[in-house]
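Consider the two complexes below, in which chain A is the common component and chain B and chain C are the respective partners.
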Partner chain A sequence: MLAHSLFFYFFSTVAVFASIMVTVSRNTVYSVFFLILVFISISILFIMIGAEFLGMIMLIVYVGAVAILFLFVVMMLNITEQITKRPIRKGFINNISVGSIVGVIIFLELLVAVGGWKYKGTFVSLSDINLNLAISNTHALGNVLYTDYIHLFQISGMILLVAMIGAITLTFSKRENIKRQSYFNQIQREKDSAVSLVEVESGKGVKLDD
Partner chain B sequence: MIYISTFFSEIYKIVFLLLPVLVSIALIVWLDRRVWAFVQKRKGPNVVGPFGILQTLADALKFIFKEIIIPASANKVIFVLAPIITLTLALTAWAVIPFSNEMVLANINVGILYLFAISSLSVYGIIMGGWASNSKYPFLGAIRSAAQMVSYEVSIGIIIVNVLLCVGSLNLNKIVLAQENVWFIFPLFPMFVVFFISALAETNRPPFDLPEAESELVAGYQTEYSGMMYAMFWLGEYANILLLCALGSILFLGGWLSPIDIYPLNLLPGVFWLIFKILGLFILFSLVKAIVPRYRFDQLMRLGWKIFLPLSLIWVVLTASFLFFLDMLPVTG
Partner chain C sequence: MQTIVYILPELFLSAAIMFLLMLGVFIKKSFKLVSLLTILSLVFAIALILNQPNEIIKIFNESYIIDRLSIFMKVLTLSFCCFVLLSSKDYVKSNNIDKIEYPIIILASTLGMILMIGAYDLIIFYLGLELQSLCLYILASFKREDEKSTEAGLKYFVLSALASGLLLYGCSLIYGFTGSTNFEIISANLDEANMGAVFGIVFIIVGLAFKVSAVPFHMWTPDVYEGSPTSVTSFFALVPKIAALSVFIRFMYVPFINVISQWQSIIIFLSIASMILGAVAAIGQSNIKRLMAYSSIGHMGYALAGIAAGTNSGIQSTIIYLVIYLVMNLGAFGCIFMMKRENIFYEDINELSGLSKNHPMLALSFLIILFSLAGIPPLAGFFAKFYVFMAVIEVKMYALAVIGLVTTVVSAFYYLRIIKIIYFDKPKRPFAKSYDWGLKISLILSSILVLIYFIYPSILVDAVSSILIY
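Moving on, here comes the complex of A and B:
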């Protein structure tokens, strides 16, 4: 257990340090890299408590897809401009009041969540399935997710789909005057319709588009 | 004391996994160039050692003795970090590859997800290198590469779902053992084709080598790299190619299983069968490189999102309903 707790404290320290650095670091690209470090150390913590499926999904979804899109956007910004300009302290008071309100709300929510853990035994569970420790947690998760929670699962998927379609329709603009290629037309082009042999009278030349 | 002995035995195992992988990367680079030359009726590297087999070693020596140049306007930390991350990620993924029923470094429950996670992380090396170079061509290459790899990961993920439906486990060894009667390439052949093409795109191999398209982007994300740092990118790239070949042979070609379980064939240990399968897939990779011209970027995106993604999704539905209605779903436990 010694090695286990050593690793736990190491990775949780890394996670806390990196999440502080996300907000502190001047360079936005560094912020995203620290965010990635947070995701990775959190997924390692998941794996350490035996939730290897959640840990790997965390790596695949957050680090492999979401953070890349963050990085994508942030790298498009002009970084050199940001570094030379010192951050303006003008809106500091406004920001700190809003920030502290949000912080206090999140802290209270965490308190409720952690405090509620004490009464876990008295809650009526939505699922009747007893957790079987013999099967791997991927199977256990699947057994619950696709039986008792199937509607919630489907609804969350639908919400994501709607959000995706909404984002696409908001940003999509149909542009005119663009040469579009049709692969089928290009491949189906035959010699007869493309090339023709013309008898040319001397001195007259050939007129195109006849 | 237990910790120390475990530590050393693990180190021993890791070294004896990594050394063969690194040596085989060197050989595979040589093989790639030979196959490429063979298709184009050239000779290829044939001077250093017998059949030129030591050519990669000579190249590596050359890279080691070359100067590492870091551009003045580059972001130095990330610039140095990028090739290291590429190579490390490509090598760590080998930890879960089963070479036979017992020969596997980490026989974890979620092996296939681990491989998938590692291959989705490998885009970071490229995107970091491209951004940190602080120059136009590498940046364009990195942006292209990120878009390309993220798109093709989606279809690779859904193809993996197809295989998992037939197996009922995320463990790589169980995936191999589920193919004892029939390799998954036969029932899932269209998915194998899609997987192969997506693997080409995922590893930035021709015809999808747009991140380093030399005719438009000089060398893409590698433009500013030199010496050993360039060599690390290069090694990482080939390690990734080899890894996806291994993944393909585990998912579709029965991993370390022999083709038919009869007397002379099953004498050969599983490692050799896996190596033969990886080599076969790799030769296909290099043949494609020699034969097919490079795709345009919009064609690449169209292929990924409009053809492969719907096709593999439909195939998931087909596989699932087929297994469900014929009552062939694997028993989980």
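Moving on, here comes the complex of A and C:
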């Protein structure tokens, strides 16, 4: 139990620290890396409360896909001007009032939501729900996903296939005049076809074929 | 195992999509082969559907239904998808959109529509809807070097995503207030006192009205119809309407039937607004695709009038209207595909001027189809409107019928204007001769069907009269 709380406090602290660093870090690339750290710590917290499926999805989707996408976007931006001698990021002071108001509102909403849920008269406790505790989360999900909802699962797969075809159709273009690597042709070349001796007149130069 | 037999058409279509995709990737320049196989697999799927038993079957925990309505609508969807592919072959080829993905995406969207038609549960309905609209976004922007096509795709994507969001919000409200996503349980738990669920119905109607492009959710229609390649426009004007109207009927008459007094006035409003806008806004159009867009908005108004009646004969009149609308529009788009000179397809109405001198047969079939669209007896379009008005008058909604009649007269103006241009204006250079047999067959078939419908109207009426919802 002690180890459990130790792990919990450790990863929660890391998550809170990292999420603060996401906002205050001067280098945008560092921000994204801190974001990845937040995702990882949160996913570990999920695993600790027994929601291992959610934790793994968090790792795969957020860290594996979303954060990497962010990283690509950030790397495409021109961020040289942002990394200056200023101690905190530009616009931090101007926007802090609005930001903190929004933060307080969200905190209050959370309080209302959690309070209304926790202290509800007809609160359903975990023991009242007919859960099979012997099997894991993933197992329980799989049990319904591949039996009762197999048709929905397959249709979702079809939708993803169409999305893939669509993305490729709308963006892929075959470009001409590109020199591609071809080992076979490159090794097959002989001296006669590749090298030629040219007498260069002075002041004229040689025109290379493009 | 028993269930597998009932979803064979859907399974076959999914397998065909994956097989054709692989075929297209591994065989270079295989557009012709892939589109031919697409048409063949659609025909085979029709055969599989017709082979299904003639009784009501609910599978997958009652979330998917096979009954007369779904079988009829599925066959309609697949066969008109075939005709659209056949008639647009030439257009696709000359506009450089003959990539293997084109027929495959059409096939995938047809799969989505079939799932929508059979849906008996909110989740499977939503997944089918998303599958088909995702395909439609791609199709709208398929000619991606063309600015208008890209704009059409983006516009349709943004607006349709919004409509899907509203629809999903409605679904969540319905689920929250009735406790189930299954249509029958929703129907059992829904009554006038259940305000939250009635609120959800409004959002679902908004989403569905967007899909059938009923006023006031029609804004995307003219732009998307004009911007997309014409082959895609003809697909848009025909096939998704079947699925959307079928779902409309299913939603109104299965889960929401208990609160008919709540949704009836909404549908009447949608119907009247669509009829009026379809009649008035098309008058000033000079682009024939835009004109067809407004015309389809108007026609959807008439189809919705049948749903608003709230009786079995109302639904049947809507279905008959839909079938005749599809045949007429297939012919109209066939004529638009013929407007071609030196590999360029024209869309301006004035290009048609004096068509009767150069192409008397084409002009004649255009004449028949336009008269039918205007609802002039004894052509099929007249009967379509006749059945709808009969059903509406039966339940004593005289105002709806009168407004429908007035808008029919108004909308006849712009159809007659095209006929005047074709027959009485100065001839322009002739169009290129078409050697595309698929296009010719669709055009001839639709003109003849429209022309001779009055001889034996009971074929369609009998086929539809077995579709009873409640």
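Methods note: the second predicted complex is superposed on the first by the 116 of 210 C-alpha atoms of A that agree within 3 Å, B and C clash if a C-alpha of one lies under 4 Å from a C-alpha of the other, contacts with A are read in each partner's own complex, and residues count from 1 in each chain.
The rule we apply is simple: a contact is a pair of C-beta atoms (placed from the backbone, for glycine too) under 8 Å apart; a residue touches a chain by one contact, two chains touch by 3 or more.
Everything numeric here is computed off the predicted structure, so don't read it as measured data.
A.B. asks: Answer with first, second, both or neither: which of chain B and chain C does A:Ser25 touch in the superposed model?
C.D. replies: Neither: A:Ser25 stays clear of chain B and chain C.
A.B. asks: Where does A:Asp148 make contact in the superposed view: on chain B (first), on chain C (second), on both, or on neither?
C.D. replies: After superposing on A, A:Asp148 lies in contact with chain C but is clear of chain B.
A.B. asks: Quick check on the superposed pair: does A:Phe53 touch chain B, chain C, both, or neither? Answer first, second, both or neither.
C.D. replies: The answer is first: A:Phe53 touches chain B but not chain C.
A.B. asks: Could you let me know whether more residues of chain A are touched by chain B or by chain C?
C.D. replies: Comparing chain B with chain C, the partner touching more chain A residues is B.
A.B. asks: Touching A:Met158 in the superposition: chain B (first), chain C (second), both, neither?
C.D. replies: Touch status of A:Met158: second partner only.
A.B. asks: So in the superposed three-chain picture, is A:Gly166 touching just chain B, just chain C, both, or none of them (first/second/both/neither)?
C.D. replies: Only chain C is touched by A:Gly166; chain B is not.
A.B. asks: Determine, under the contact definition given at the top, whether A:Ile135 touches first (chain B), second (chain C), both, or neither.
C.D. replies: In the superposition, A:Ile135 contacts chain B only.
A.B. asks: Would you check which partner chain A:Ser12 touches, where first means chain B only, second means chain C only, and both and neither mean what they say?
C.D. replies: Neither chain B nor chain C is touched by A:Ser12.
A.B. asks: Can you list the residues of chain A that meet both chain B and chain C?
C.D. replies: In chain A, nothing is touched by chain B and also by chain C.
A.B. asks: Flag every residue of chain B that touches chain A in the complex, lowest number first.
C.D. replies: 3, 78, 108-110, 113-114, 116-117, 120-121, 123-124, 127-128, 131, 139, 142-143, 146-147, 150, 153, 157, 170, 332-333
A.B. asks: Spell out the residues on chain A that touch chain C in their complex, using ranges where they run on.
C.D. replies: Interface residues on chain A, with respect to chain C: 148, 150-152, 154-156, 158-159, 161-163, 165-166, 168-170.
A.B. asks: What residues on chain C touch chain A, complex-wise?
C.D. replies: Per the stated touch rule, the residues are 7, 14, 17-18, 21, 60-61, 63-64, 99, 101, 104-105, 108, 111, 115, 123-124, 127-128, 130-131, 134-135, 137-138, 141-142, 144.
A.B. asks: In the complex, go through chain A and note every residue touching chain B.
C.D. replies: Interface residues on chain A, with respect to chain B: 2-3, 29, 33, 36, 52-53, 56-57, 59-60, 63-65, 68-69, 71-72, 75, 134-139.
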